[in-house]
Each structure stands twice: as C-alpha cells, then as structure tokens.
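Presented sequentially are two complexes of chain A, the first with chain B as partner and the second with chain C.
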Partner chain A sequence: MNEFASLSPLLILVGASLIILLLEAFGQWSKRWLHSLIALASLGGCAIFAATFWGKGAGYFQGTYTLDNIAILMTVLFSLAGFLVILVSLSYMIQHGFNRGEYFSLLLFAVSGLIIMTTSEDLIVIFLGLETLSVASYVLAGLKKEDEKSSEAAIKYFLLGSLASSFLVLGLAFIFIHSQSFSLKEISFVIDKSENSPLFLIGFSLVLIGFGFKVALVPFHMWTPDVYQGAPTPITAFFSVGPKAAGFLVLFRLLRPFLEPIFSRQNLQIILWLLSALTMIVGNLVALRQKNVKRLLAYSSIAHAGYLTIALMTQDGQGLIFYLLAYLFMNIGAFSILIALSPNGQEFHELDDFNGLATRAPWLAASMSVFLVSLAGFPPTAGFLAKFYVFSTAVRQGYTGLVIIAVLTSLISVFYYLRIIVHMYMSKQISKITIKADDPILLVVIFFCLYGVLQLGLFPGRVLTLIQKAVLSLPPL
Partner chain B sequence: MATFLFYLLSIITVASVVAMIFSRHQAHNALLLAVAFTSLGGLFALLQAPFIATVQIIIYAGAIMVLFIFVIMMIDLRQPFPPLRKKWVFALGALLIVVIFFELIMVIKSFPTASKATNLDFGHPASLGKLLFSKYLYPFEITSILIVAAMVGSLYLARRKER
Partner chain C sequence: MSEYFWLIPLFPAASSFILVIFGRWLPKKYVSVQAPLAVLLSFIFGLASFLKIYPRGLGHEAAGLSKTLFSWIHSGSFQIDFTFWFDQLTAVMVLVVSGVGFIIHVYSIGYMAEDRSYTRYFSLLNLFTFAMLLLVMAGNMVLMFVGWEGVGLCSYLLIGFWFERPSAASAGKKAFIVNRIGDAAFLLGLFFLLFNFKTASFPEINRALTDGRISSSLATLIALLFFAGATGKSAQIPLYVWLPDAMEGPTPVSALIHAATMVTAGVYMVSRLNVLYSYSGIAAEVVAIIGALTAVYAGTIALTQFDIKRVLAYSTISQIGYMFLGCGVGAFAAGMFHLYTHAFFKSLLFLAAGSVMHALSGELDMRRMGGLKKHLPITYSTFLIGAITIAGVPFFSGFFSKDAILTQCYAQGKYFLWLLGLTGAIITAFYMFRLIFLTFHGQERFSAEIRHHLHESPPVMTIPLIILAFFSIIAGYIGLPVVFGHDLNFFERFLEPVIIRAYETHLSLGIEWLLIIISSVIAFVGIFLAYVFYLKSPHLPHQLASRFPGVYRLLFNKYYVDEIYNILFVKPLVKGSEMVYYNFDLPIIDGAVNGSAKTVSFFGRILSLVQSGLIRDYALVFILGVAIILGLILF
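Let's turn to the complex of A and B:
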C-alpha cells in the first residue's frame, strides 16, 4: 500500500486535470475561479505528498517509477514552477482571451510529464513523459488562437519538436538493439563490457540530439527565440524553467554511468565540451543584438543551457540542481515583470517600452534590476552563487579552458542585461505604455521570486545541504 | 489453398503499387495505396502473425490513409501533376533501384532461418497483451495520459471562437 501511495503526486495532478476538464464541460460559467483553485491545490498537494516520501526511496511498477530524493526535489521544483505560472497567468489569461479550463488542464498534464521524466530510469518511460510534456507544450504555445505569432510559435514548436522526438526514438532503438534493455542500470552493465560499439555510439548521439533540442543547446536552438516570443508570456516562463530542468536532470541520470572519472570517456566529453562552449558563445553573442526583451530572455536562456552543460559534464549534481532552482526564481521573476507590461491583450516588450520605468513604477524597475543582475551573475544574488559552484567544480576537475570561455561570455552577457537597466533608469524619454502594476497576485509572485533570489544568494546553506543529501543518496555505480 | 491465397494477395499488392506509381490522380493514388496495404495485411495473416496483420490494416490502411486523404483534401490540387521530364530524376531513380536491389539480395542471402528468428509466440496478441499488462504497464498507462493531452489540445485548437 505504501508503495502504491508513492504514485500519489502523479495521480493528484492527472486527477485534478481530468476534474477541471469535466468542470469545463458541465460546470457553470460563473464558477470558473474553481478551475484555478483546483489546479493550485493539486500542485500544492503534489509537492507535499512528494515531500513525505523523502528518504524512503519508494517506487512502483517494478522500479520503473522511483521516487528517490532527487526526484522528490525536482517534483517540488516543478510544482512550484507550475504554481507560480498559474498565479501570474490569472489576470493575463482573461485579458488575452484564453480564459478556459483547458489551459489549466494542459499545464497540469505538462507538469505531470515533467514528473514522469524525472522519476524514472527507464528509457521508454522517459520518452513517453517527454512526449506528454511536448504535446501539452505545443498547444500551450498556441493558446492565443487569434494571435498570428502565437500560432506560428505552436506550429514551429510542433514541427521541430516532432523532428527531435524522431531522433530520440531512433536513438533509443539503437541503444535497445545493442543492450537489449531500456533500463539505464542494465544498459550501463552492458556498456562496460563493450567499450566502443558503433551502434551504441550512434544511438547515444541521437538521444543527445533529442534532448539537446529540448533544453536548447546550440546547434539545436533555432526554435527557441520564435517560440519564446510567440507563446503567451506565462507559458514562456514555464518553458524556460520546466522542460529545461527536466531535460538536464534526465541527461544527468543518463550520462552518469558514462562520465565516471575512472573510465574517462574521451569522445563523450569532447562532444559535451563543444556543445557547452558553442551554446555559451552563440547564445550570448546573438542576445547582444536583440531589441525585444522577450527574445533577449530567450537567448539568455540558451546561454544558461550552456552553463548548465558544464555542470552536466563534471557530473556536479549539487551545482546543477542549485542552478536550476536559482534559475527558476530569477526567470519567473523577470517574466512576471514582462507580464506587468502586457495590459489589455497587448504586449509591450521592446527595449524602448522600458524607458523611464523607474519613475513610473519604481518597484517593478527595482525588482527587474535584481532579476537581471542575478541572471548576469553578480553577487549577492542567487545567479552568482549558482555560477560560482558550477565553475569552481569544473576548475577542480581540470576544465579550465571551458571555465575561461564561460566567464568571458558571462561578461558579455552583463552588457545586454545592463542595457535594460539603463533603459529603465537613465533614459530621457518616458514611454507612454500602460502598466498593470496594481495586480496584487502578480506583485506577490514578484516579491516571492525576489525573496527566492536573495535568500539563495545570501543564505543558501539549508537548501544546499538538502540538495547535497539528495545527490549523495543516489546509488553508487 | 494457402499457396493460392499467397499468390493472389501478392499479385494484388504488386499490381496496385505499380498502378499507384503510374497513376497521376492523387485520390486514385491514395486508394491504390490502401489496397496495397490491406493485401499486405492479408500476407501477414498468412504468415501466422495475426496481430501484425491487424495493425497493418488498422494503422496503415486506416489511420495513415485518412491522414493522406486529409492532406490531399486540404491542399486541394485540382489538376493532376504533370509528368516528370527531367533526366537526372530518372537517372537517380534508376541508381537507387539498383542499390536497393543489391541490398535486398544481400539481406536475403544472410537471412537467418525462420526458426532462429522467431519463436511461436512472436507477434501473437496474447503474448503482447501479457507484456503490456505486466512489464510495460507503466508506459501503457502513461500513453493514455499522452493521448488525453493530445486530444484536449487538438480539440482546443480546432474549435471555433465562442461567445
């Protein structure tokens, strides 16, 4: 019974999502606030139920579903992301004309897809979780049906995402032919015996391409700016946090058996080194030329994928999860400010629209500055510590060259982040756009993200020990 | 009887595929392809693979053909394609045919005998069902979530604006 109860986080989400659909079909139009309440309650319940299994290592379905400590941490992180995204979209969805139950339902399906991906070490389950996430994401990107850009984002995401999925499936098939198994544990046994099987290498590279697409690593990043710009802003915030975190965690689990320092898998390390360096350089350089802040944040998210790849390469689980958590707060915070600048079905996200924001809405400008400074990686914010941990582990393991590239590209990134701050504080003209600064829920979310960024930046101790415990509880290989 | 059926189905398959290649009308092409898929399903049934036969008919002759016909309907091509006149297309096609022909010969030569390649249960619905409800139960359940998500999403996108 206890084992079955470990499924509860997933069951709550899927159940709530189906209930919302039924309410949408048969419920009263006037009681629509109920949808958001159910969605929020289910996400909260999901996090709480997951947390009760801390340290128990419960699982179900013959070990294809395992709620180990890392999975619990990620489940809490995804629930938090979903919770914040729903809160910031409450007034946005009414003003932008997609006030429907399907929105909550699809978002909950997407979050359950994320949880499915991170709670398994079985490649089929991971793939199906990824597909659940993707299918829900394609529709979420196109929620604004009347908006051309939103539909364009949905179509582009769908076409390129399907292509990436087919790479992934082909890769899984090759790996299965080679090892006769979908379980990561069994695969790692087989691999140790046969060093360089071409089938396995092809399969593994194809899987890497599939996930590289999902987390927007550089040769596979083409979809990111358009999708991020076209999708409704709360959804963009979700895309930049959720799928990225899940993708990196799956890659972390996937690469663990193959990156042990004892074996020193040269080829794989070279590939990851190149991907990481390319992602950091291209992401940051192209971001310099962006005039649209939403697009700029898209390129910034590509650049951050590069930094995260360093943590992946050094198998620094602690640094990786801490980075993802810090990234959640600063990114959802920054996107919440963008939502405050999207009143009445319009979106004002050009750089010039930020002119003089400091005099018109000083609190918004100040919070935005903190988030941007954190994204750039200045102390005393969470972004600084996150980068610091990842880079210092990399230096200790001898990747000095890569860290030099990372630090240089971070310096480049300071320029475009600071440019937004300059527009807000030092511009002579003042833009006349309407600002929606009186929405209490939005302000609460911004304040909460601000708190998260500063808490993780100044007193990260308790969170760090929690993450450390989770990483140490992973079974040795 | 089985031999007779085998030749009958093979002839139908080959004939409809050849007719499909030479026909220049999209709807006829789709129809002939459906005939080819269905008779191919019959061939699988003759080889005592009932599950693969059913799947062949349901998925290829059913679902995929519906997809084709939708696409033909949507892009709305009134007149058939003009015949190809470019020489390099023929040359490339001929080259590919030769390559595939030799590949097939090599595959057939190195093919393991039937008893080695499959056991009796292979492709049988019962064994598949057992696997689906034991070893692959969790993926099976996730698939249902995936399908619900896809259905909700497509219904949302396809519906007209209301109120």
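Let's turn to the complex of A and C:
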C-alpha cells in the first residue's frame, strides 16, 4: 500500500490532466476557469503530498521509484514552476489564440514527466520520464498554430529531440550490454569491479549527450534559441526552468556513482570541462549580438547551463539545487515581464521596445532590472549567491581555470543584461507599444518572483539548510 | 510606553517611507499632518522614556534602556548588534531633536506652502529626523556611524533641495565633500577602535578604558581621529567652510539641521565618548583649543557679513566652538547644556530670519532691510529675544549655559581659553545686535514694491516662533550655577551617571559671582557698542573700515579661506585628475576596454553565423559534437 501512496504526487497530476481532457472533450467552454483551477489545485496537491514523504526517503517498486529528499525538493520546485507558468498564461493564452483545455493537460503531463525523471534511479524509467516530458513539450512549443514561428519551433524541437533521444537509447543499450542492468546502483557495482570498458564508456557518454541536449549544452544547444523564441512565452519560461532543472538533477544522479572511478582513469573530466567552458563562452558571446530579448534570454539560459555544469563536476548538490531554485525565480520573473509586453496576440520583445519602459511602467522596469541584475550575478540578489556557492566550491576543488572562464564570461554577460536596463532607463525615445501592466495575476507572479530573488539573495539561510538536509540524506557512495 | 522606546526613530522612518513611495498620490493636506505627527509621536515616546529613567538618573545609577533588534555583524568572537540605547545623554538629545524637530516641521508647513516639491521636502525632513535619532540612540559606534552618514546624506539632499539653482547644487556638493574628509578620519578612528578594543558598544568601550587595557597614546589617536570627524560634521576649524554655503537650503532646514541638531552631533559624540576624551589629556586639550579658536574666529567673520543667514551660520559655528570648549575642559555636562539651550535660541533665530525673508520676498541682504520693527512685530520681538539670549544677557538661557562653560575654563586655570571665550562673547553680542539694528531699526532701505507686499507671517509660522522664544527664555533654569544655591543644576545631576566627573570646582563663591558679573558686563558692552555703531552714529563702521581697510577686507572675505583651500587643494586635485584622465584613462584604460569589447563582439558575430536556422546545420553540429566526445573517450 505504501508503495502506491508514494505515487500520489504523480497520480494527482496525471489524474487531473485526464479530467481536464474529459472536460474539454465533453463540454462547451468559452472560459476555462475550471480547467485552470483543477490544474492549479493538482499542482498544489502534488507538492503537498510529496512534502509529506520528507525524511522517509526510500525506494519503492524494487528501487525503480525513489522518493528521497532531493526528489521531494525537486517535485516541489517543478510544481511551483508549473503553478507560476499557469498563472502567467491565463490571459496570455486567450489573447494569443491557444485558449484550449489541452494546454493545461499537456503542461501537467510535462510536469509529471519532470517528476518521473527526478524520482528514479533506474535508467529506463528516467528515459520514460524524459519522453513523457519531450512529447508534451513538442506540442506545447507549437500551440500557437497560426504562428509560423511557433510551428517551426515545434518541428525543430521534435526532429532534433528525436535525434538526441536516439543517441540516448543507443547509449542505454550499450550500458545494458555491459552491465546487464538499468539500475544505477547495480551498474555502479559492476563498474567498480571491472576494468575500464570502452563499451560502457561509449554508452555513458551517449547518455550524457542525450541529457546535454535537454539542458542545452554546447554543441547540443542549437535548437534552444529558435524554440525559445518561437514557443509561446509562458512555455518558454517553463522550458527554461523545468527541463533544465530535471536534466541537471538526472545528470547529478548519473555522475554521482561514476565520477570517481571514471575520472581517475578516463577523459570524462576533460569532456565535462570542455562542455562547460564551451557552453559558457558560446552562450555569452552570442548573447551579445542579440537584439531580441526573448532570444537573448535563450542564450542566457545556455550560458547558465555552463555554470551549472561546474556544479555537476564538483558534485556540489547544494550549490546545484540552490542555483536551480534561484534560476527559477529570476527566469520566470524575467519572462513574466516579457508576457506583460505581449498584448493582444503581438509580442514586443525587441530591445527597442524596452525604450523608456521606466517612465511608462516603473514597477515593471524596476522588477525587470532586479531580475536582470540577478541573472548577471550581482549582490544582493539570489543570482549572486548561487554563482558564489558554485564557484567557490569549484575553486576549493581545484577547478581554478574553469572558474576564471566562468567569471570572465559572467563579466561579458553583464554587458547584455545591463543593456536592457539602459534601454529601459536611459533611452531618449520612448517606444509607443501598449503594455499589459494591469493584469493583477501577472503582477502577483512578478512580485512573488521579486520576493524570491531578494529573499534568497539576502536571507538564504533557511532554504540552504533545507537543501543541505536533502543532499546529506543521499546514501554515501 | 517606555518599553517601546526603540520605536522612537521608526516613526519618522515609516512616515518618510510612505511619503517617498506613495507621495505622488497623497494630497498636500495629508502630508502636512502625517509628517509632523510622526515626529510628535517620537517626541511623546521620548518623553515617556525620559520620565522612566529620570528618577533613576538622580539616584546616581548608570541605567539606560537598551533594546537589541537583531545581531547585525557577527564574525567569530566579534559582534555588532543593531542596538538602540536610551540613557540620560540620549534622553537630552532625543527630546531636543524630536521637540525642536516637531516645531520646525510645523513651521515648514507655512514656509514651504508654495513649493512644488512639498512632499519631497517633508519626506527628506522626516528621513533626516530618523537618521538623527538613529545617531543619538545608537548603542555602538558602528550604528552611530550609520546615523552619522545618514544625516550627512539628508543634509546634502536638503541643502541642494532647490537643485535648479546652481549655487544650491554646488553648496550641497561642497558640504558633502568637506564632510567626506571628516568622515574619512572618523572611519579611520572606527577601524582603530574596532581593531584594538574588539568592540564598538559604548559600555564596553568605557570598561576597556577603565580597565587600563588601552595605552593612552592609542586612546589619543582614536580620540583625535573621531574629533577630526566632528570638525567636519560640526563645522569647526579647519572644516567649517561648508556651513555658510549650506544656507542655500530652505531656512527651516538651516534651523533644524544646520543649527539645532546635525551640526551638534559632534558635540554629542565627544560627550558620549567622554571617558575616552578624559582618558587622553592631549585630545581633550586639542578639542578645547579648536573650540575656543573657532568661537572667536567665526565670530569675527560674522562681524562684517551682510547676508542675514550667513551671519547666523557663522554664529552657529562660533557657538558650537563654545560647546567643544566646554567638552575639552572636561565640562561635558556644560557643553551638552549649551547644546540644549542653543537648539532653542538658534533655531528661533533662523526661523525668525526665515520669517523676515518670507515677508521681504526672499531678500537676504541686510543692507536692503531696516525699520522692519513696526511691520513685523511678532517676528521682531521673538528675534530680539533670541538675540538677547545668544548675547548672554543675564537670566536668559544662553547666559547660564555659556557661563557654565566659561566658569569651568577659569576653574581649570585655563585663563587663556577663558579670555578667548570672553572675547567671543563680546563679539557675539556685537554682531547679533548689529543684525537686529540693521534689520529692524533705522530707516527702511527696501523698494516700494517689496514694501507693498510686506506682511507678517501666518500663525503656523509665528506660533512656533513664540514657543521657541518662550523656551529660549526659560530653558536655562534647569541648570542654575552654584551661586544661586547648591543642587540647583538639575541638568548636570541628571547627566551625572553617564558623564564622569573629571574635575572638582574649587572656586569660592566670591570668584563665581565675579565671573558672572564679568560675563554680564561683557554682554552689555557688546550690545552697547553695536548700538553706538549702527544706531547712534551709523557712519562709524564706514570710518572704521576705511581706517583699517586691510583688516576689514580680510574679515569681509572670510580670511580668504575658501580661496586658500581652492588653491591648495581643489585646483591641484582637479589638475591632477585631468592629467590622469587625458594621459592614462583615455588612451590606456579606455583603449584596453574598448579593444577587448570589440574583440569579444567580433567572436560573438562569428559564432552567431553558425546559427543559420536550418535543421541540417543544427544536426551537423550535434553529430560533430558526438564525434568529438567519442573520440576523446576512446583515444
């Protein structure tokens, strides 16, 4: 019985999305308050039910389902992301012509995919979660059917995603051949005893590549700008936060047992090092050239994936999760501002559209500035502490060269983040676009994210202890 | 109520916050109620807390209220708390700041009524009150420094309140920069203190000193550095130059910040650290000498000025000199007493001057005034009371406080300082009555048009004047000198628990009487001379000026100190920075920065070329990545 109770967070989400599908199929709706309420309630319920398992950390279903403290923390994080994304899309979906119930179902499916990914230590289940997420994501990206860019994003995402998945599956097959198991625990057991086997290493790197695609590591990042720009803005916000967090957590779990034995013998360290450095450099350099803020944020998310990879290499779980949490607040916050600049089916996301925003909507401009400053990593915001923790651990472990690259590229990033602020505050002309600053729900989300960014930046103590507890509860290697 | 004493500074803070955030939507009437009310609440809470500690104070107990809001800086064994502290010394300051502050807030309602930035004015005035209360209620030196900088900031913002006027903007800048010099010294002192005492809280500083853990040379160094900070904030030689220019701000601001409260913060700080200053004889000596010199020096400049507010500004500098003189000779209570009486009569003088300006459409030059007595009866009589008080006429408050300082100088055998003090006193009486006679007596020297507009100020301005005049007269009676009977100096006895007695007076009653008579005579001589020079034979000043043209020009141009500072410090600095800018910053730093920016941007362009938008290119990059990784793994 306990095993099924542990599934409750997932069951709630899946159940809710099925109910929403039925509602949509058998009812005529002009407004979808009921749908959104069900979706929001199920996300809330999911987080609460997951939280009740705090500290009981155990594997269920022969270890294929692991609801440990980290998984709980991530479940809450994903539910929060889903919750905020639904809130900001309520009026956006009506104005941008995808006012349908399936939207909520798909989003809930995607969130449950994320949860499956992070609550398992079995590679095949993780892959299942990834595919649940991916299929939902492909549709979500193309929800704006009349918009060419949106459809293009969906197709690109689908094709390249399939390519990545095929490599991933190939990798899984290699690993299985070598160790006769999909369970991370058992695999690590086998690896410990055997000499380095090229078969396993190839498999492992292919799996790495598969997830590297999801979290947008260079050179598997090419889809990111096009998909982020084309997808509906709330969905972009979701993509930039959810799949990235899940991907990094899976990578964290994956590398945990293998890092030491493999690192001591093989070039995996160099590969991760190169991936991280390349991601930071390419993400930040190309972001410099962007004139569209939505696209700029896509490159910024690539750059952040580079910083996060450093936390992977140092196996700094605390730094990683804190970073992901901080990233959630600042990124959803920044995208919410973009949503405020998307009235009536149009999207005003060019840099020039931000001209003089400070005089027209001072609160929006001020909040955006805080989010950008946090993304750039200035104190007293969450972004600063997140980078600080990750980088300082890396320096302590001897990755000085990588941290130097990280700091230098962060410096470059300051330029393009601050440029948006300059446009908002110091531009002589004022753009005439209409701003949707009167949507109270949107404002509440923005202020909530603002609060999150400052709370984590100024008084991170409590959250840090919580994360620390979760990380410490992991079984020792 | 007294257990909530820590709310005292928070009322004006909250009010200021509301005005800053929501000020745009608040009606003027509401602002006029909220801003003074917040200060009044502070005053009421201050009064309650004062009544709470008053009986204890007379019982020679060193007792104060203390409240730690949170631990602020914590590192190892070193800890600085956000602590509010309310003892006898704080009580005096809190009552002065909030009491006089409240009156000036009310006066401002009338004075600033026509101003465009009414709300901004009150939000800043409230913010100032908060910072000043924070300064006096701080339980440690670091928190005091926060208040110290806060009042400096508000002072800067309020001096430059009419920033459209270039003179106001540059006066604000000047005040800020000159204060920075003092603050740098203060900060240095703070570092030395923290490093050697390992604490910043006042009781522990005192304990460290009485334990004898600190060498006297170190104490001297720290005390002198703090005093250097005080010369900036309290406008003493050599950093006084900003205060006369600060008169560019609105007159109520001059009354509150640049007469009654902020500029006396240095005196409060020295009194707060009285154990430190008593510990170091040299530092005390320096304080006394600087104070006495400033008292005379600023007075001599005031003799020749024609700008009514500048005369008052130099007079403030000179009076603060007296306070420091008192502290320097160990009479901290007397120094604080003068601070307290000065707050009343000097803010009265400024507000009355403001009333004159108000009546004359902003005229400041006394040469274009005269004969205002019958036009502005209330302003005149209150101004006169203020002048009598500051001149040191017996039985007015200024007389008692100044006399307490001078008596102490004499009792300590510092006859030279005592003589300087007396000289300052005669000068004070002279220039104050010169001001009265030029402004209110004699013939009218203003234009007919101004005469047409001439009017007494509205009650919202005159009632504060009357209240302040009342206190100027009676405030001194809580600190009567010993000749009127023992134990009549309630003020000094009240402060006894927090101020150590570094001296015993051994003067016989006869000498005390003699000193009092000398001071009284001095005051009357000064007034009489002013009468002779400016009413009876008004040609005398001109004759004197042409007889001694050099002296006159020297005084009129304020000893050329501004010019000297300009040549010695400002010009070389500007030249030097220009040199660095053109020869180093532009070609080398900017060149390097722009160069690297261009390089980075170039690579960004190259890389973004790959982003073609074609799926086949994307897949190609992907496969290349896979190939490289597999290659690295296998070889």
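Basically, the second predicted complex is superposed on the first by the 464 of 477 C-alpha atoms of A that agree within 3 Å, B and C clash if a C-alpha of one lies under 4 Å from a C-alpha of the other, contacts with A are read in each partner's own complex, and residues count from 1 in each chain.
Basically, contacts are C-beta pairs under 8 Å (C-beta built on N, C-alpha and C of every residue); 3 or more make two chains touch, one makes a residue touch a chain.
This structure is a prediction, so every number in the text was calculated from the model and none was measured.
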Partner chain in contact with A:Leu21 - chain B first, chain C second, else both or neither: first
Which of chain B and chain C A:Ser112 touches, first, second, both or neither: first
Chain B versus chain C as contact partner of A:Thr64, first or second or both or neither: first
Touching partner for A:Phe459 - first (chain B), second (chain C), both, neither: neither
Chain B versus chain C as contact partner of A:Phe4, first or second or both or neither: neither
Contacts of A:Glu146 with chain B and chain C, given as first, second, both or neither: first
A:Glu102 touches, of chain B and chain C: first, second, both or neither? first
First (chain B), second (chain C), both or neither touched by A:Glu131: first
Interface residues, chain B side, partner chain A - complex: 135-139, 142-143, 145-146, 148-150, 152-157, 161
Residues of chain C touching chain A in the complex: 597, 600-601, 603-605, 607-608, 610-611, 613, 615, 617-619, 621-622, 624-626, 629-630, 632-634
Interface residues, chain A side, partner chain B - complex: 14, 18, 21, 60-62, 64-65, 100, 102, 105-106, 109-110, 112-113, 116, 120, 122, 124-125, 128-129, 131-132, 135-136, 138-139, 142-143, 145-146, 154
Of chain A, residues touching chain C in the complex: 155-156, 159-160, 163-164, 167, 198, 201-202, 205-206, 208-209, 213, 218-220, 222-223, 225-226, 266-268, 270-271, 274, 282, 285-289, 412, 415
